[in-house]
Amino acid sequence: MFTSNDPMTLNLIEIRKDFPILDRELRPGVRLTYLDTTATAQKPLAVINAMDDFYRRSNANIHRGVHTLAEEATTLYENARERIAKFINAESARQVIYTRNTTESINLVAYTWARANLKPGDLVILTEMEHHSNLVPWHMLQAERGIELDFIPVTQDGLLDLVTYGMLLERNPKLVSFTHMSNVLGTINPAAEMIRLAHEAGAIVLVDGAQSVPHLKVDMQALDADFYAFSAHKMCGPTGIGVLYGKTALLESMPPFLGGGDMIKEVKLRSFRANTLPHKFEAGTPAIAEAVGFGVAVDYLTNLGMDNIAAHEHEITEYALERLEEIPGVKLFGPSADKKGGVASFTLEGVHPHDVAQILDRDGIAVRAGHHCAQPLHEKFGIPATSRASFYLYNTKEEVDLLVNGIYTVKKMFG
Amino acid sequence: MFTSNDPMTLNLIEIRKDFPILDRELRPGVRLTYLDTTATAQKPLAVINAMDDFYRRSNANIHRGVHTLAEEATTLYENARERIAKFINAESARQVIYTRNTTESINLVAYTWARANLKPGDLVILTEMEHHSNLVPWHMLQAERGIELDFIPVTQDGLLDLVTYGMLLERNPKLVSFTHMSNVLGTINPAAEMIRLAHEAGAIVLVDGAQSVPHLKVDMQALDADFYAFSAHKMCGPTGIGVLYGKTALLESMPPFLGGGDMIKEVKLRSFRANTLPHKFEAGTPAIAEAVGFGVAVDYLTNLGMDNIAAHEHEITEYALERLEEIPGVKLFGPSADKKGGVASFTLEGVHPHDVAQILDRDGIAVRAGHHCAQPLHEKFGIPATSRASFYLYNTKEEVDLLVNGIYTVKKMFG
Amino acid sequence: MDDLYREVIIEHYKNPSYRGKLDPHDISFADNNPLCGDHIQIDLRVSPDGVVTDARFDGHGCAISQASADLLIESIIGKPLEEVKKLNKESVLELLGIELGPVRLKCALLSLKVLKAGVYGLQEASDSLVE
Amino acid sequence: MDDLYREVIIEHYKNPSYRGKLDPHDISFADNNPLCGDHIQIDLRVSPDGVVTDARFDGHGCAISQASADLLIESIIGKPLEEVKKLNKESVLELLGIELGPVRLKCALLSLKVLKAGVYGLQEASDSLVE
């Protein structure tokens, strides 16, 4: 599918062989064209096999066992944590807390740090481009605690209005929580600068990294975020596991979240003492096989090189925006390719996004249609839904061409 | 390993072939003897392959996608829920909420139902044999909310003191929360009767089913529990997924737990409306592959027949208790085989349980040593730790013999 | 799959026969599919002996939801309410003449859900449609 | 693996040379391993020029934790505190002469953790031993 004199640095022919699903025929003669990585990424064989192997050879519960399998499982689980910590350049693996997903990571902060530190009237700054995962936990806290919410507006070209942000910061916010990269517009927000400004204003910063960690090199020490949340399943890893990174002192100061096995140092009938980091926040049997898979996913990305991945995605995205723009009736949302990751959200005049996605699916092209868990952003743009094509390390320009041809077919059917 | 004229109803030769790990040589010449199912169960090929297959063929995010893979993944995820619902005889699949594990299930009730319904001074009844997962969430609520905790005592022979339970019920408890089967003593508590009494006293009942669902036929409609919690990993399923079952009216009356994608019906910038059951309690991308594996685990158990599994375990346990009792210096904890599941916890005079476990491990025998996340229970019996051998559908009497021989080796070394 | 966008569906979507409102009406109800923002309102006129004498739908959404609304309205005019109450998932799929996966099913059934909510009251309607 | 229970370890466990308490003492500290309930207390006598003149441990636990305590005490008597402060994971493993997985490592290091806590103060001790 990919010609060998292609200029990209990633060897797409080899890479695509790593992903068994990309070979799938959905129906006779209809090969999969997967353009929905923003929802969840596909998994390379190395990740699938690592989990398979774990269950076939090493499966045991961790931490409390002294037998060989328990020791092996514990080592595998904790080694994965170390590699993930290194991948995001955390100072220590103790700052990497396993959760189910980005959503749980954000809720963990809302339930522990925020409930321990926010009083009625305290201001939390969010943005208009947040995923529901970074809105609803704060809605819940607003209802329960009477905190105040305000929002950094999104401009018509899909960027955060940083002038208004500056004004909001003058109102003494306690927390600023924003997405590093929008899952609809693709916008990569200037996180380091936003964090610096928030810190100057005395606020704690939580970054939703669900879309950034899979696609960009992120460096916790350079960014200086207080909390950072992401999911394995969007970065070639398994479902069922995510991470909350936090600054050590903050994590140590926080009350625990879920109570149970492993998060304790000692339990009496009527009281308990919490364990040290990171176990304090990991109650019960964790997603062990998933941690093993996550570690291998991080190795896979590291081997390819995050800079190479970002460069490849940039090239594909630039091409995709160019080609989509040419199609009469297509309206693209979000900034130009140089300010965004591999996401192209669009509407097609006269055709509902669900119909676009469904008709593309007849040719095996998987795009997402809907509000992409960002209803307020869609409302802002006055539309109920968009179609979204998204690109990852395994996507090719040929697949963009298939998408464009598919959209012409849609137009013909509804023409 | 198993002779064909063995009287048990389960065909152990065939069953053991389903579990690749049971063939593992830990070290040259040392085959695994896995007696640690109470910590986590091993996985049959069918479960491992189902998840493998999911990632190779059907992986996509669920619910919001219209493309083929998204539809497939959604169907697989929801079909698994239906089979799990059927397995526990719930009235409806909407009562089956996917969580990470038993621990999260219990915490979910503590964070939502309990925080919405319990006032300072309200009484919650637990037992002295609870796992930390059914203690710490209530310790946290006691500290936060000033609820009162009291405990059904455990008798010297490892049973709940139901006379005291009756007296506690007279104090108008709001919640009774207890384990269906003890993970240390093996005691199977008379759950149906205890639930009936609690309901007569006007209390809501939460049952920790982490050890019962894997080993006994449980029937939600017959038991009449208000909430019931269990984990996939203890019943041949993957890590990273568990269930909270709840009565529909209760679940509907409860506030949501984690906020984010999928648990909403509608999100505005400053407010949200929660989704219907079960999605209301499933925020963010769930453990999709794990749900698929869980469904297959339930099929596997169903095919073998829970009654057959329980009968097999009973036979093994009876034999194990008999053989262990003969060993001078071995002290067993918990009731006789007819009142318990496949758990044998013991101490060996003059040898610390960690040393017992470690020396058994030299012969490939995996038992657990420690407080098994039930510190208060161990304190009650005046010991810091026990060794625990536990049995499941794949264990044989020959493995019990290996355990017994191993203990004699330990005695010789420390003799 | 290939007949998911049968001519008839696209035709009913592009040129619906029963789009609009009825004023006055006896029953009116609206709801939306939160997944995609599809919105349907249905107005009914019902004779004293319980027969639907006229009906219209209004709203916006995908071809499946709008076409199924148009087809559904067409099918109930002249029918007694008792028969309308008996309509189910299968009735709608028969009208559309296609098979649908779980996500698009919600689009297809939105108009039926609205109709039943109008006829029965909201709770029963959603109970009767839960997959 | 096979030398995990070397004669010497079982010997030191069954017949420890330095089990007991020192009264009076200059430094005393105790801690336990919450995973298994192992408990170690260490008492030290230290000369004015900072040399450990006598030491004892007390407590209960597994062979690894108790033997390593006995071996550790044996190794520090007569040593300056400055040298005691330099002891680390490797020192203990060398004394035991075995390799250990992550869980049993905690048992082996409990006495060192207690010793360092006594010598340094608790926080630094656990920092310096975090795996």
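We just call them A, B, C and D in the order they show up, numbering each chain from 1.
Rule of thumb we're sticking to: a residue touches a chain if its C-beta (ideal position, glycine included) is under 8 Å from a C-beta of that chain, and two chains touch if they have at least 3 such contacts.
Everything numeric here is computed off the predicted structure, so don't read it as measured data.
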item	value
Co-neighbours of chain C and chain A - touch as defined	B
B-C or B-D, whichever has more C-beta pairs in contact	B-D
Whole-Å gap separating chain B and chain C, where each centre is the average of the chain's CA atoms	45
Length of the line joining the C-alpha centres of chain B and chain D, rounded to whole Å	37
Approximate Å spacing (C-alpha centroids) for the pair chain C, chain D	77
Whole-Å separation of chain centres (CA-atom averages), chain A against chain B	31
Contacts with 2+ other chains: residues of chain C	35, 104
Contacts with 2+ other chains: residues of chain A	64-66, 70, 264, 266, 354, 358, 361, 369-370
In the complex, chain B residues that touch chain A	20-21, 24, 26-27, 32, 34, 36, 39-40, 42-43, 47-48, 51-52, 55-61, 64-70, 100-104, 106-107, 110-111, 128, 131-133, 135-140, 142, 149, 151, 231, 233, 238-241, 255-256, 258-264, 266-272, 283-290, 354, 357-358, 360-361, 364-370, 372-373, 375-376, 379
Chain B partner contacts - residues on chain D that touch it in the complex	1-2, 4-5, 10, 14, 35-38, 60-64, 104, 107
List of chain B residues in touch with chain D within their complex	27, 351-355, 358-359, 361-362, 369-371, 378, 384-385, 413-414
In the complex, chain C residues that touch chain B	34-35, 101-104, 126, 130-131
Partner chain D, residues of chain A touching it in the complex	63-66, 70-71, 74-75, 78, 94, 264-266, 275-276
